[in-house]
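Take this structure first; my questions come after.
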Amino acid sequence: MNPEDIVGPVEGTKVPRFAGESTFARLPRIDQVSDYDVAILGAPFDGGVSYRPGARFGPMAIRQASRHLRPAYHPDLQVAPFRTIQAVDAGDIPCNPFDIDSALKQIDDGASELVSDSRKLVTLGGDHTVTLGLLRALVKVHGPIAMIHFDSHLDTWDSYFGADRTHGTFMRRAFEEGLLIEDKSLHVGIRGPLYDQQDLINDKNFGFSTVRAADFDRMGVEEVIGLARKRVGDSPMYLSIDIDVLDPAFAPGTGTPEMGGFTSRELLSLVRGMPREQMIGADIVEVAPAYDHAEITSLAAATLAYEIMSLMALNVTDKKG
Amino acid sequence: MNPEDIVGPVEGTKVPRFAGESTFARLPRIDQVSDYDVAILGAPFDGGVSYRPGARFGPMAIRQASRHLRPAYHPDLQVAPFRTIQAVDAGDIPCNPFDIDSALKQIDDGASELVSDSRKLVTLGGDHTVTLGLLRALVKVHGPIAMIHFDSHLDTWDSYFGADRTHGTFMRRAFEEGLLIEDKSLHVGIRGPLYDQQDLINDKNFGFSTVRAADFDRMGVEEVIGLARKRVGDSPMYLSIDIDVLDPAFAPGTGTPEMGGFTSRELLSLVRGMPREQMIGADIVEVAPAYDHAEITSLAAATLAYEIMSLMALNVTDKKG
Amino acid sequence: MNPEDIVGPVEGTKVPRFAGESTFARLPRIDQVSDYDVAILGAPFDGGVSYRPGARFGPMAIRQASRHLRPAYHPDLQVAPFRTIQAVDAGDIPCNPFDIDSALKQIDDGASELVSDSRKLVTLGGDHTVTLGLLRALVKVHGPIAMIHFDSHLDTWDSYFGADRTHGTFMRRAFEEGLLIEDKSLHVGIRGPLYDQQDLINDKNFGFSTVRAADFDRMGVEEVIGLARKRVGDSPMYLSIDIDVLDPAFAPGTGTPEMGGFTSRELLSLVRGMPREQMIGADIVEVAPAYDHAEITSLAAATLAYEIMSLMALNVTDKKG
Amino acid sequence: MNPEDIVGPVEGTKVPRFAGESTFARLPRIDQVSDYDVAILGAPFDGGVSYRPGARFGPMAIRQASRHLRPAYHPDLQVAPFRTIQAVDAGDIPCNPFDIDSALKQIDDGASELVSDSRKLVTLGGDHTVTLGLLRALVKVHGPIAMIHFDSHLDTWDSYFGADRTHGTFMRRAFEEGLLIEDKSLHVGIRGPLYDQQDLINDKNFGFSTVRAADFDRMGVEEVIGLARKRVGDSPMYLSIDIDVLDPAFAPGTGTPEMGGFTSRELLSLVRGMPREQMIGADIVEVAPAYDHAEITSLAAATLAYEIMSLMALNVTDKKG
Amino acid sequence: MNPEDIVGPVEGTKVPRFAGESTFARLPRIDQVSDYDVAILGAPFDGGVSYRPGARFGPMAIRQASRHLRPAYHPDLQVAPFRTIQAVDAGDIPCNPFDIDSALKQIDDGASELVSDSRKLVTLGGDHTVTLGLLRALVKVHGPIAMIHFDSHLDTWDSYFGADRTHGTFMRRAFEEGLLIEDKSLHVGIRGPLYDQQDLINDKNFGFSTVRAADFDRMGVEEVIGLARKRVGDSPMYLSIDIDVLDPAFAPGTGTPEMGGFTSRELLSLVRGMPREQMIGADIVEVAPAYDHAEITSLAAATLAYEIMSLMALNVTDKKG
Amino acid sequence: MNPEDIVGPVEGTKVPRFAGESTFARLPRIDQVSDYDVAILGAPFDGGVSYRPGARFGPMAIRQASRHLRPAYHPDLQVAPFRTIQAVDAGDIPCNPFDIDSALKQIDDGASELVSDSRKLVTLGGDHTVTLGLLRALVKVHGPIAMIHFDSHLDTWDSYFGADRTHGTFMRRAFEEGLLIEDKSLHVGIRGPLYDQQDLINDKNFGFSTVRAADFDRMGVEEVIGLARKRVGDSPMYLSIDIDVLDPAFAPGTGTPEMGGFTSRELLSLVRGMPREQMIGADIVEVAPAYDHAEITSLAAATLAYEIMSLMALNVTDKKG
C-alpha cells in the first residue's frame, strides 16, 4: 500500500489510551479501510482445553491490554509498523463453544476469507486447538509450512478422552493432515513431565525438533535462533506462541502453566531473531484472563502481537530498502 | 443404619480442620463404610456453559471450603446429621470434558450405581448441564419428579449453537424426556433480561411455575415456601440450586452472574422450608472458583450441601420420633 | 423510529457473548445507524476524585461486563427495549486527563452534539465530576431540571484543595449555575460521616431533599418512590447514579466506598419506580475497575444502564399503547 | 476536656486523606495530647485462631482503611465526635506471637495503663482471644461487666488442642474468671453448625442469652435492641464485635466466615441501638486482611470503631445537654 | 519393589486431572499399598512464623496444584519416577496449632513411623519450624546429616520473643542438638538485610557455609553444584527448600518474601544438580496460599516435590543400571 | 552524627514487625530526633499520569511493606546503615491532587525545607512528575546535577494533552529548566514502542545517553555500571528509579508496565554499582498498589529505598575508614 493511504491507530496524544475504540492497539476495523496487509483476528474458543478453561476471553483481554501500547515506532527494530503496513482489526470469529470440529471449520472458513499471498493474519486465541483451523486455511494459500512453536508442551498427543482435535493434539493432527513440512518444524521452550515417554519418540517421528527449556540454558538466544533459521530454511514459516512458554511468574493467566519457563526478555529476543522473511502468519494463544492479574499476561500477549507485526513491517522495509 | 455403626467425619478437635482428608466435610470415603444413606458426588463438568467456564473446578473447591464446617450439630434444625445418617463422599465422576453427551452418560451411569430408594445423592457441579444426567438416573428409581429449581435463569432454551443439552437448555430437555411431572415444578429466584419473550411462554407451557426475584420482594419467605409445598404436593421432589441464585456479592464465583439476587440468609431460610419429606436428591451447581475470592462462593455451596444433608437427616429423625 | 428499521445488538445465539463487538450490550455503533433514540456515551475522566482514582477505566469495564446481558426482553418491565427504541453506542469522549475544566468543556461539547429533544444519553463515568458537563449540555435543550441523585455522598462541598469543580462539589456548582430547579431534586442513599455539619445545612439551602440510608430502613421502597415522584412533579428529570450508593459488598470497585449501603435488589426496585416519564437522561458513575473483582461492580453498572434504557423504551410503549 | 483544647484529626481538606499520619482516622497520637477520653489501641495477635490466621495484620489494615473516613460530623447520631471527646491513637501492644498467655498478659498490662473510669479503649484485633486480656484489664477498673457479643460463634468451647485460651474459648474463660456478670450477657448473630450440641447447653449454663441470625429474621432490629438493653440493665457493658458477624459478602477478610450473616446496614442499626450509656469499652476483632479485597472488611471495621466512638461522644453530649 | 507391583497415580487420560483424588499428584494413599519407597507427608503447622502466617494451608494447596502435573515421565532426568519407585501420599500430621513443642513432637513421632533406611519422606510444610521435627526423626535412622538449605534466610537466630524453636531459629537448634554434621551444611540463596551482623558470624561458627544470592551471580549453577557436592561428600544429605528462595515474582505466596531471589529455572537447575545419591529426605516449606495467585507458588512447590521424587527414582535406576 | 546518639528503628525482636509505627522501616519520625542525615519523604501525587492512576497510595504502601525489612545490617554492602547515619521518616508532602503546578510547588517547598549539603532525601512517589519538584529543590543546594534514570520510558515528551509537566515530560522540563548538566545523564532500562521516532532524537539532543533493556543483554551489569560512572564523573548525581524498570512480573503494581524489563536481582546489582559517592538524593516512583499483589511491588520499592540508604551510609563509613 501507499504509505500516505495507510490508516493508522487512534493517536494516544489526541484520545487518551484508556478511551475510544477497543480494537487491537486501537487500529482501524477492517471495514474502515479498502485493503490491508495484516489483520488481527480473534479466535475466542476454549473447548479444547484439558485443565483450566477461560481462553475464550483471551482476544477480549489482549485487545484491552493492547490499548497500553504506544504503537507508532519500534526503536529496537527501527520500524514504524503502522505507517509501513496497513494493519487492521478483523474482529472475532464466532466459534461454536460446544463443538470442536464446528469451531475448527468456522476458523478455517473465517481465516480463509482473510488471507491471501499478500494479506497476513496474526491471530489471538483461544486455546491452542485454534491453530489447527488456522493452518488449514493458510496451507490452502501457501502449501505446507514450517512451524516455529513456542510452548511448554509438545501438543502431539494422539487423542484425549476420545477427542482427536484438542489443544494437546493439534500438532500431531497438523502433521498427519500434511499441513507441516517434515523435518522443518521446531518446538522451543518445552518443559515439564509427560504422560508417556513415547510422546518424545512420537514427536521425533513426526519430524519435529525440540529445544527444551533446559537446552536453552546451555544454548542461549543466538544458538536457538540459528537452529530455527536452519530448520526453516526457505520454507514458508508459521509462528505459534503458546503464552505458557513464559514462566508462570510472567504469564500466570494461562490454562496449563509449567514452572521453569522463559523470562519475557528472553522470549522477546528469541522472537525478534526468528526467520521473519519466511513468516506467513502467526498466533498467540492460551491467554486465560481469569487467572491473570494486573493484565501482565494480556500485556505480554499484546506486546508479542505488536512485535510480530513489526517484524512483518520490517520485511516490507527491507524489500523497499 | 444403626447410629452406633455410623462413621462420622474426622473430628476437628483431634485433627485441625486445615489438615487431613479432602473429602466433603472430611466425611469417610465411600469405600470406608459398608453402606450409606447419603453420598456426596462430584460432577466436574463445564462443557455446557455459555459464558464463563470453570465450574469443572467446583467440586474440588467446595470440598476444600467444606473443611471449615464444624459438622456435628445443626442448632437451627436441631439435628446431628452425621450421627443420624451415614453420609459419605463418593468422589468424582470422571466426565469427558469434550463431549456433552458422553459426559451425561457418565453421570447417569455413575449416579445410577449410587442411588436407590434408600440411598440419596447430593451432587456438586459442574455446570447445570449435569443435572440432566442426574435426573435420568433418579427417574429410573423414583419415576418422574417435581423439581424445585433455585436459579437466576430458566434454563429452558431450546438449543444453543446447535447444542441441545447445555446449562441453558437442560430444564426443557428434562421436561421433554418425561423426567419432570407436569405442573409440579417451580423456578425460584429468576431475574435478568432474556434473549426472547417467548422463553417465558415456553416455560409456562412446560408446566413450570416461577417466583421471580422481584416477586420475592412482595411474597416473602413464607409465601414462597407455601407455594413450593403446594406445587410439589406428595410427589418425589428434587432440589437443584444454581449458586447464581445468590446475588453476585454473595456468590461472585460463578459463570453467569445476575445483579439483584438473594442474600445468603434469604436462601438459607427458603431452603430450610422446602418440602424436605419429598426430597429424593439435590445438587448445587455452577461454582466457578477462578472468579471467587476468599472462598465465599465455595463456602456458601458447602454450607448449602450441609443444610440439605441435615434436612435429609431430619426426615430420619422425624420418622423415628 | 420504525420498529422494523431498528438495528439491534449482535445476537447472542449467533455470536457468543464473549466474542465480537465491544460496544455496550453489543449494540450498533452510532455510525452504523441513520438516527437513534438513546445513545450510550463513555466519559472516561477521573481527574476530579478525592480518594481512589481509576474511574477513567469505568466505561471500558462496564462495556465488557455488558456483554453478559441477554438484552432482548426485560420480563419485569415487559418491554423489548432494543426493538422499541434505536439504541447505539456513541463511544467515548476524549477527556483531557490533566485539566478538569477542559474535560468538562469536552463533555459539554460532546454531549451537546448528541442530545436533542428526542435523542437521549445514558452516560458511563468516569468520576462524578462528569455529570456537571453533562448537565450543562442537557440544560441547553431542556432548561433547568430536577435531579434524582443516588449516592452515598451529597457532593455539595464548596471547593476542595482550591478546585471548584470536583466529584465532591459538582452538585453545588450545578445548583449555582442554575442547572437545577430549586426544591425539585433529591439525594437517595446518603450515609457516612461528614467533614462538616454545615454540609447538611448548605445542602438544604440549595433546595435539595435527602433520603439517608438510615431513612430508607424506615421508609421502604414505595415511600421513597412516592417522595421522588412528588419532588420531580412534571419537571424534566435527570437520573444520576453513583455506584457507591450500593454497599461495598455489591460494588467494591469504586473510589469512595461507604459501609451500610443498598443491596442491588433494593436499588433495582428504586430505579424501576423513578418517574421515568420525566427522565431526559441518566448516568452511572464512579466505577473504578482496579478495585472490582469478578466484574461484580461493572456488571451492576451495566445492568443499571440497561434498566434505564428499558425505562426509556417503556415510555415509548406507553405512548403508543 | 475543654472542647477548645481538643486536638482533632488531620483535616482532609488540608492534607489529602491518602497522605500523612497512619493513626486511626488520622487522630493525634497519644503522646501528642496531655490527656484523652478514648484511645484506639491495636492488639495485633492471632496466635489463638483455629482456622485461617492473619488477624495480626488487622490493626494495620483497619487504620489504613480509616483514612477514608471524613470524621468531623456524624449526621445520623448528630454528634461531632472528635470535637466532643479527645480521641487518640495509642498504637499497638507488642504481643508475643508464640505464647498466648504472654500475649494476654501484655494486653492486660498494656490496657491497664490506658484505662481508667474516665478513659476508654476501643481496641482493634487481632483474633478474639485478645478480648480476654482486655476484659481482665477493664474489670480491675469497673468490676464484672455485661457483654454484648456480636459474632457468628459462641466462643465458649472448653479447650482446643489442649489450649484453654483461644479465640473459640475466651468467653467461657471470661465467665469462669468472674469477668462477666451472670445473666447479663448476650450473643448476637450466632449461626452455623457446631462441634457439639452440648455447646449450646453449656452456653446457657454460663448465663448467656443468644440471638441467632435465624432469630433476627423474626425479631428485627428493634426487638434485639430491646433485649440487649433489658439484659444489660444498669450494669457496665462491654461491646465486642467479631467482624464475622457480617455475612462473608460484607466481610470476606476474616478467619472463620459463616454463610448467612448480617448485612452491614443491619449491623450499623443494631450497634447504634446498643445501651451506649453503659458502654465502658469495645473492640472489633478478627479482621484478616489477606482474605479481604478492596479493603471492604477493613473499612467496615474502621466504620464500626468510628460509630462506637461517636456513641461515646454522644454520652458526653447527653450529659452536657 | 517390583516394578509390576507398583501402584501409580490416577491416569490423567482416564480421569481428568481436575477430578478425583486429592492426594499429591493423585498418587495412591499409604493405606492402598503394602509398602512404599517414598511418602509425601503434610506438616500443616505455621505457629512458628515471625511475619505473615498461613503456611498451615500449604500442604492442601500444594496437593491441589500437583493435580496439574502429568507425572509419568520426566524427560530431563529420563526417568519414569512412579514406575520406578512406589510413591504414596501419607496424609497430614495433625499438628497442634497452639504449641510449638507439641507440634514438633507430633512431627517427630509421625515421621518416625514412616521413615526407615529404605523409606523416604518428602514433606510439604508448614513453616520452616517443621524441619526441626523432621530432622529429629531422620537422625534416629541415619545419624547426623549434612543439610542443603535453599532459603533467603539463615534461620539461625538464637530465639525470638522468648521462643527457641521457630522458623527463624530451627537451623541453630538443629546444630545444637547434634542433628547436623559440622562443616557439611550449606545455605543457598541467602539475601536481604539482617537484625544483626553477628548472625553471620554465628552462622559460620555453627559450621555452615553460605552461597548468597549475590554470590550466585558470580558463581553460576555449576560452581554452586560443585560446592554442594564437596560440602556433603559422602554424608547423608537432607534437602530443605524454603520456597522464599525464589524471587517474590515466582513465589508471592510465602510469609517472608525477599526481593532479588532465584528464578524458577535457576532453582530447578540447582536442585537437579544436588548430590542426590546422598539424599535421605527433603522438604518444601513456607508456602502461604493466601498470598499466592493463580497457584504459581503452589505449582512451583509441587513441581519441586516431583523433581525430588524423580531424583530419588533416578538413584534406584542408577543402581539397577 | 555521633553513632551513640543515633536513634534507630523499632527493634523487630522487641516489637513484632507487624505491630507498631508505620514509618518507613519503623524509623523514628523527624520530630523525634534533633537532626538527621537522610530523610524518607512521601510525595503522594499521581495527577500527572497518562494511563493507570493510583501512585498516590504509593508512599503508604511502601511504608507498610518496609515493615518486613530487618534493617540493622546489610551483609552484601557490609554496613549497618541505621547505626551509621541518622535516618528519619519526614512524612508526606500534602500535594494538591487537582493541580500539577501547585503540587510541584508544594514538593519543591517541602523538599527545600528538608535538604541541605549534609541532609539527603530519599523520596517515595507518587508518579514520576514529582521528580521535577524534587530536582528544583535539590538544584538550589547542589547546582545542576547528573541524573541516573532507571525507567522503561524516556519521559522526554514535549507535552501531553496540553500539560507541560507530567510523568511523561518531566525529564525534558528538567533539562530545559537547567536542572540537569548536559551530557551527564543516563537512562537505563528503556524499552517498548514509542509515539514517535523523534522522541529518540530529541532525547539525544537533550544530552541524555541511553541503555535500552535490549542493550543490557549485550552489555551486562559491569559495563552499564562503568558507563554510568563515566557519564556522571565527579558531578553531583541524582538517582531516580521508576519501578516499571522492573519487568511486570516483578512489579505488577505500576501504572505503565512494559514487557521485557529487569529482574529484581539485575536491578539490585545495578543500583549497588552506581556512583554512590556522587549521590545527593534519590527517589523511587510509580508504585500503584491497586495493581500489586502480595505486596511484591511495594516490597521491591521498600528494598530499593533501603539499598540506597545503605549506599549513603557506606559513603560515611568510607570517609571514616
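When the chains are written out, they are named A, B, C, D, E and F in that same order, and each has its own residue count from 1.
In the analysis below, a contact is a pair of C-beta atoms (placed from the backbone, for glycine too) under 8 Å apart; a residue touches a chain by one contact, two chains touch by 3 or more.
As the structure is a computational prediction, the values presented were derived from the model and not from experiment.
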Co-neighbours of chain D and chain B - touch as defined: C, E
From chain B, the most remote chain by mean C-alpha position: F
Inter-chain centre distance, chain A versus chain D - centres from mean C-alpha coordinates, in Å: 55
Between chain A and chain F, centroid-to-centroid distance (C-alpha), Å: 38
Inter-centroid spacing, chain C versus chain A (mean Cα positions, whole Å): 40
Residue list for chain B, restricted to those that touch at least two other chains: 16, 18, 50, 56-57, 97, 160-161, 247, 249, 263, 291, 293
Arrangement of touching chains [line / ring / star / complete / other]: other
Chain E partner contacts - residues on chain B that touch it in the complex: 14-16, 18-22, 42, 44, 56-57, 59-60, 63-64, 91-95, 97
Contacting residues of chain A [partner chain E, same complex]: 50-51, 160-161, 191-197, 199-200, 212-214, 217, 247-249, 252-253, 256-261, 263, 291-293
Of chain F, residues touching chain C in the complex: 46-50, 52-54, 56-57, 96-100, 102, 160-163, 166, 290-291
In the complex with chain B, residue positions of chain C that touch it: 11-13, 16-18, 68-76, 80, 221, 247, 249-250, 263-265, 268-269, 293-296, 299-300, 303-304, 306, 310
